[in-house]
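All chains are identified by letter, namely A, B, C, D, E, F, G and H, in their written order; residue positions are counted from 1 within each chain.
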Amino acid sequence: MDTDIRRLLESVRRGQTSVDDALMQLKTAPFEDIGYAKVDLHRKLRQGAAEVIYGAGKTPRQIVGIIETMRKNGQDRVLITRISPEDAACVAQCVPMEYHEDAKVGIVGGMPEPDGIGRVVVATGGTSDIPVAEEAALTAEIFGSEVVRLYDVGVAGVHRLLAHMELLMGASVIVAVAGMEGALASVVGGLADCPVIAVPTSVGYGASFGGVSALLSMLNSCASGVSVVNIDNGFGAGYLANRINHMEVRQ
Amino acid sequence: MDTDIRRLLESVRRGQTSVDDALMQLKTAPFEDIGYAKVDLHRKLRQGAAEVIYGAGKTPRQIVGIIETMRKNGQDRVLITRISPEDAACVAQCVPMEYHEDAKVGIVGGMPEPDGIGRVVVATGGTSDIPVAEEAALTAEIFGSEVVRLYDVGVAGVHRLLAHMELLMGASVIVAVAGMEGALASVVGGLADCPVIAVPTSVGYGASFGGVSALLSMLNSCASGVSVVNIDNGFGAGYLANRINHMEVRQ
Amino acid sequence: MDTDIRRLLESVRRGQTSVDDALMQLKTAPFEDIGYAKVDLHRKLRQGAAEVIYGAGKTPRQIVGIIETMRKNGQDRVLITRISPEDAACVAQCVPMEYHEDAKVGIVGGMPEPDGIGRVVVATGGTSDIPVAEEAALTAEIFGSEVVRLYDVGVAGVHRLLAHMELLMGASVIVAVAGMEGALASVVGGLADCPVIAVPTSVGYGASFGGVSALLSMLNSCASGVSVVNIDNGFGAGYLANRINHMEVRQ
Amino acid sequence: MDTDIRRLLESVRRGQTSVDDALMQLKTAPFEDIGYAKVDLHRKLRQGAAEVIYGAGKTPRQIVGIIETMRKNGQDRVLITRISPEDAACVAQCVPMEYHEDAKVGIVGGMPEPDGIGRVVVATGGTSDIPVAEEAALTAEIFGSEVVRLYDVGVAGVHRLLAHMELLMGASVIVAVAGMEGALASVVGGLADCPVIAVPTSVGYGASFGGVSALLSMLNSCASGVSVVNIDNGFGAGYLANRINHMEVRQ
Amino acid sequence: MDTDIRRLLESVRRGQTSVDDALMQLKTAPFEDIGYAKVDLHRKLRQGAAEVIYGAGKTPRQIVGIIETMRKNGQDRVLITRISPEDAACVAQCVPMEYHEDAKVGIVGGMPEPDGIGRVVVATGGTSDIPVAEEAALTAEIFGSEVVRLYDVGVAGVHRLLAHMELLMGASVIVAVAGMEGALASVVGGLADCPVIAVPTSVGYGASFGGVSALLSMLNSCASGVSVVNIDNGFGAGYLANRINHMEVRQ
Amino acid sequence: MDTDIRRLLESVRRGQTSVDDALMQLKTAPFEDIGYAKVDLHRKLRQGAAEVIYGAGKTPRQIVGIIETMRKNGQDRVLITRISPEDAACVAQCVPMEYHEDAKVGIVGGMPEPDGIGRVVVATGGTSDIPVAEEAALTAEIFGSEVVRLYDVGVAGVHRLLAHMELLMGASVIVAVAGMEGALASVVGGLADCPVIAVPTSVGYGASFGGVSALLSMLNSCASGVSVVNIDNGFGAGYLANRINHMEVRQ
Amino acid sequence: MDTDIRRLLESVRRGQTSVDDALMQLKTAPFEDIGYAKVDLHRKLRQGAAEVIYGAGKTPRQIVGIIETMRKNGQDRVLITRISPEDAACVAQCVPMEYHEDAKVGIVGGMPEPDGIGRVVVATGGTSDIPVAEEAALTAEIFGSEVVRLYDVGVAGVHRLLAHMELLMGASVIVAVAGMEGALASVVGGLADCPVIAVPTSVGYGASFGGVSALLSMLNSCASGVSVVNIDNGFGAGYLANRINHMEVRQ
Amino acid sequence: MDTDIRRLLESVRRGQTSVDDALMQLKTAPFEDIGYAKVDLHRKLRQGAAEVIYGAGKTPRQIVGIIETMRKNGQDRVLITRISPEDAACVAQCVPMEYHEDAKVGIVGGMPEPDGIGRVVVATGGTSDIPVAEEAALTAEIFGSEVVRLYDVGVAGVHRLLAHMELLMGASVIVAVAGMEGALASVVGGLADCPVIAVPTSVGYGASFGGVSALLSMLNSCASGVSVVNIDNGFGAGYLANRINHMEVRQ
């Protein structure tokens, strides 16, 4: 953005751009206002190769509107998270969208070839954590990462995890998804030597308090190299994992 | 206690005990009132071989008074928990008491020969959990259990724990003491097949919230056979471990 | 498991097992991967006589699949917890399963003869706590314990509890199930001299906070020998009670 | 107060009081403003026979000032709560005050003859609850109640409580003071048929959370006739107990 | 109950009752066990003139069963709380029961003549608090208190409250029912000189946290003579108010 | 109100009003009691130009009743908040009411001409915060403020906010509505120099805890000039914004 | 700031400022970096007439350094909050500062003449709330408001508050400071028709939870026109009160 | 580690290692047990170039012992976190250690040359967050990262942050350290396109709840690419930042 400002200032200095126009550009360029949303069009340049729509609380009509604004501006690949099967069916009537029911994720424009520096491993403690894990995996994939899924390897049967040591040791980034006591992140963090992104899930009952138990457990991890995202935030973890997995490429 | 009532009723029926005396006995027998405390003298019969004094909030003078009331009534072995070094020094001037500074525990009457059905393993996640673990270990020992200590085997280095599989598999009861994310209980619970008593500790900072993180983690353990006591309650865990370790003997 | 490693190493040393095979065995033996779950087949050897499926969040089809994998591997007795009447009806069409609606528990393979060292008493504070208590009782029974049910003996009418002193004094283990103020665990813990497993329930309203009040109450029990499991975790309590009730047998 | 307004209006109607004077009286009568406090002088008429000063956060000088303003206005009996030994010593140099160190309570003007309709029983679960209990007992006494103290009768040894059934059954009001799991209130509430005022104390550690566990337990009491005051609020309980104990007198 | 024991012991001494019979009587007398509940039949003698059934979580069939057991034992007046309109309709088909939909309360046996020492005032902060207030009012009435309702007098319009000063000053007991910030209890407590029972309600949104805000506010009331019951516990408040309102009669 | 009392006292002094009448007036004037509510009729004089009905928990019939009582007393403009589309449809059959479905707000009597000292800017962090923002905006408008809406300017794209600096700098009051991390209030507070009213919303999931995260964030704002209202309390913010926006007019 | 950008752009267009210089100015103008702090020098222009230093966590040396940087840049009037008596004494040796021990506030440059549109009333519930109230009052004064203090008018004696109706009705803004149940804000909010800023204080004990009880109470205020700042944040309230009190002047 | 097992198995197969020796090696290799700690010596190989000692709760003697064990085993560079100035002075008498008082960090063996793929930017919201930030910066440096410090750029003055856009855009990883409302992470996350590690600090008062406010804010960040570590966990953030900053090198 800094370069943009400099370029604009140069243009003003050369008299190619009037002051009023420059002021206008500084203000309006980065997004298009479609009433119920300000669609960020600079974001692809600034932050990655695909755009994301958080589907919860938006009508299918609004989602379609945002997708179309994006495509109109050259953004062909779109990830829609937290979209219900019913809404997805509505959207799919207007836009070619592939829907993953487990993860409640819709994908427009298909998956790219992976071009990261390694593989992202997405692991879960149990079967019930899979929807969140899939949200993470699909997110990493749409941004260009190869993902290996390693599900139901919770710490109550630590041998299931040890059986995949090679996989863990070779990972570029690991996303550890777990509810209940959330200990997976610590054990994985102790075994592996790559960044570990922990995702607490709301799986559990009673004193799991909708994921708080797992969240606290992960924040207090005695293993180094572990950081945490919000409860059930598969998207956030997948997005960050992909970003880390593209470190060398972007430098 | 039921038998006592029956015996008393028989005595009343035979005219050996008057109604008023019987009423009095029903009321006053089980404890001696020494003003600031009602010392429970039936407890040895009902619940175990030693008596316990919770030292926190009691003056050395009160502690000595309770010990003396016990000894006068034939209770020679006494465990005093949560007693500061300063108070312990005061008490030790009046009563022969061995003091364990780490655990803040005083022991009157020495340790008995172990007579349990097996060994109690007391494990900790880190070095800072040792004081709580020692309270547990000493408690189990004074009630007659052999105790094996296994310290600093937290899950961030799960190989340290696996190196002691034989010990864990051979234990009669395991006491798992851990702060921070408290994952030790789940991993141990998954590896071992004996009862596991989890003790969350207040070790940690920030979102450990004085042991709440470890407590929730342990309550949500996905491993079966795990139960939990209060934060830092080494005594409670040691007491229960010993009780379980004497199951066959008492039946 | 340690013995298994030793045996494997011996076999390698004798040249009977190749290194690659040994490595493979170390990794794959303990479970069968059926896609949505890793069914643990060593668990019977390691931890008990029956296998458990946590039904919540699993489809009837998945449950049937796991049961069949188990039976194929010689595991005939299966406990399914937290399964709704509707799902239970589906499962029962494929597998002969007895369903207990109160406890939301399904049982495949029938109940074994009790072979524990004594009787497990399951007590509740009120009528509303019975579903959780039944989950505990059925769990203890399927693993081989004789269970006595003692329901609606809350502390607000302490005479109801005292009337069953003989039962409490003769128990091998007591499971105390209570919501609201959860005081049952403390009173029972003070009366009995066996291990007491406290189960807080979500019964109550307002400041019971879905079982938190009972949970805290039980964790703070001033009675010794009491430990706690998660809110509404009848299964965990029954499982642990049975384990303790088989202490002498397994030694 | 209503009567006062009527009397004042009558006086205005008869021309004996000017409108401005009436307005002034309506505003300034009920208290005297001494800068750092507005001393309520009507309160004796409206609410009881003694005045109370909450000592915490006030300097000895301020406390003396308030006492003197009261005495100047005919209020001879004063209760000062939460005053440290050091501050009490300072105050006692200026005003004849009896100090109770346990309860951190000062009393000016001595105790009155009890004139309530019965006896207030103040019971505690343990020894450490005594300071709060004493605050309650002294408060009830200074307002004119006879108080019976029944300390260290916690529910973990329910026989200690049953031994005093007569006392509990004959009480006019019971104040139940307990920390940790706070079950005393429920058990007492189930045994007695008079109003029970429960006082949670901050006694305990770990998951007692400074009295929250006892507070929740008492709020969720399954016994009828139990109400609760703030953690450690012995004064509030004693004040209310006395008020109830004077019901017939005031009607 | 003490007298009962004495009488029984006398009978044993005279040989009129055998020891076994006495033991049996000590155990079984106070309640009748009807499987899903232990109906307390001594309670009328010990605690009041009517019996209460907590309807939530009980089937209509169970409720009818308990009512019939009571009536069979001479308990004609019954209060059923927290019973839904649907369940009430079912019950009313078997037992003559008057249903108050607002309060979700059923009454069997009609209201008695009031015989308390004064009037119970039930006040609410707003219109939405009325259901809880009605539960309190009906409870006090069925146990024999005259009740005056004073609804929608919240502190944001303090003049509405002041307009009823006479009523408040003349009350025997005041039940203050309020949600949101719960300040009604403090203002009423400052104006009146009788016991005030505060009932926080779950009325509100956002940071009212289901009644926690009002609960904390009431526990921290700076007015003396205020005690608190559980959130939405109209029954508990009405029961206690009635008990206090019968102080002189029962002495 | 003070003036009213003075005028009344004058009237009493002159003999124009009897004492009893005066007493009655003091008590009954400020509201009309229509059974389920005490409609405040003095409020217009005391607090503003329109009256507000909190619709949640009131039946359409009750709402109509209150509106009619108001109109009968000359209060023509009424705002009804938190009224569902279904209830709104019912009300609209009896009273001419304009309904805003987004905000769940009904308006009787139309919008007045704005007469404030400036413009109120209502800004939101995201699209999902709009319903709460609309409640705020409509409230400010019905009381006479001009409102500018600035939606979807959350801090994750701070350039969207900076693009409207002129608007923010020229505002009389800013209402900042945001869920999730609620940072909008701080950033706006740092940029603008007018009072900022922060409204946390329950938008979010997981550790947003129904708006608690945003609430805490806003309370801890490091920017000066920011104050906070309850979660989702658009009405409160709009009401206060309007009040501030009329400061000069009312002085 | 917008104007600054425009002016800068004009200068660039005219060739008077080089592009690099412009870029530099855009970046460095608004503050001076003195190592441990970035002193904001534009703030006076943007936000008010005095600058504030948050003293907590800063050394006297750092505080002096910041003051001197300010004065060097023409900022003569400085408010230092949360500075201990010891640190204040140190600072006062280097800079002429008036210290208010109650409020822990230091003032450099003296108080200005009040020039607001009315008077700010600062009211407290009790004596212990005065330090926070003084922080608010002094803050409002240094920014140019006339302040009236009204202390110890808590709702438990609502007549003390009513006695000052005239003062409340005539206020421009009211700051309501209260701990414990925090009801003052609601009662004041119901009586007055100006903006009310509520400040919860940490005064209280037990379930006041360090001010949380008062905070929740204030956030849930049923009175309109009330907003809330952080616990003990007297500064924030005084700052905002002053800002509102200067509305007409700044327009 | 997998390779180690394979190598060991090969050695066993060739008869070069006996079974017992192999079993022993599997168990004891990775750490040295020095009584109070199990020093992990494989960690350098597995996880990084330096070893870390968590100083809190360890005596200077223990710290020296661990350092010496490390150095004896060839680990020359050691980071000691959370060590008080007093303890640091003790340690420095035995081992050459450089102490950073601000961060409470000790460094043995000096800093290495940076060899990461870019620069780590450590930013703070305020001056008081610097100690935590320094812990992060020094940690990243000792593991081989170049670190740029950007302190006191909180969002209440967002221009201070914008002035360093170039720095933020060019960073390899950003560590955002902030207390209070913790909004820095969101704003930075929105501006930058590299991984952002958010560190909530316990800076603040009142409703900051020791860092909980900032923690929740960061977890709920609406910016993508942000993950969170424990409150005040500067070490964890620095460690992870360095790991990410070495992604390309290690692949």
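Going forward, a contact is a pair of C-beta atoms (placed from the backbone, for glycine too) under 8 Å apart; a residue touches a chain by one contact, two chains touch by 3 or more.
What you see is a predicted model, and the numbers here were worked out from it, not measured in a lab.
Undergrad: Using the touch definition from the top, list the chains contacting both chain F and chain H.
TA: Touching chain F as well as chain H, we find A, G.
Undergrad: Between chain G and chain H, tell me the centre distance in angstrom, where each centre is the average of that chain's C-alpha atoms.
TA: 38
Undergrad: Round to the nearest whole Å and give the separation of the Cα centres of chain B and chain G.
TA: Averaging C-alpha atoms per chain gives centres 54 Å apart.
Undergrad: Give, as an integer number of Å, the spacing between the C-alpha centres of chain G and chain C.
TA: The separation of the two C-alpha centroids amounts to 59 Å.
Undergrad: Residues of chain F that touch two or more other chains: which are they?
TA: 1, 26, 157, 162, 191, 206-208, 212, 215, 219-220, 224, 230-231
Undergrad: Go ahead and list every pair of chains that touch.
TA: A-B, A-C, A-F, A-G, A-H, B-C, B-D, B-E, B-H, C-D, C-E, C-H, D-E, D-F, D-G, E-F, E-G, F-G, F-H, G-H
Undergrad: Which residues of chain A touch chain B in their complex?
TA: Listed in rising order, the residues of chain A that touch chain B are 125-126, 154-158, 162, 180-183, 186-187, 189-191, 204, 206-209, 212-214, 216-224.
Undergrad: Quick one: in the complex, what on chain H touches chain A?
TA: Those in contact with chain A are residues 1-2, 46-48, 52, 117-118, 165-166, 169, 172, 191, 193-195, 197, 215, 219-220, 224-231, 235-237, 239-240, 243-244, 247-248, 250-251.
Undergrad: Under the stated contact criterion, what part of chain G meets chain D in this complex?
TA: Those residues of chain G that touch chain D are 127-128, 130, 151-153, 157, 159-160, 162-164, 203, 205-208.
Undergrad: Please give the residue numbers of chain H that touch chain B in the complex, ascending.
TA: It is residues 1, 26-28, 30-31, 36-38, 40, 43, 56-58, 62, 200, 202, 210-212, 215, 230-233 of chain H that touch chain B.
Undergrad: Quick one: which bits of chain A touch chain G in the complex? Just the residue numbers, please.
TA: Where chain A meets chain G, its residues are 5-6, 9-10, 12-13, 15, 18-19, 22-23, 26.
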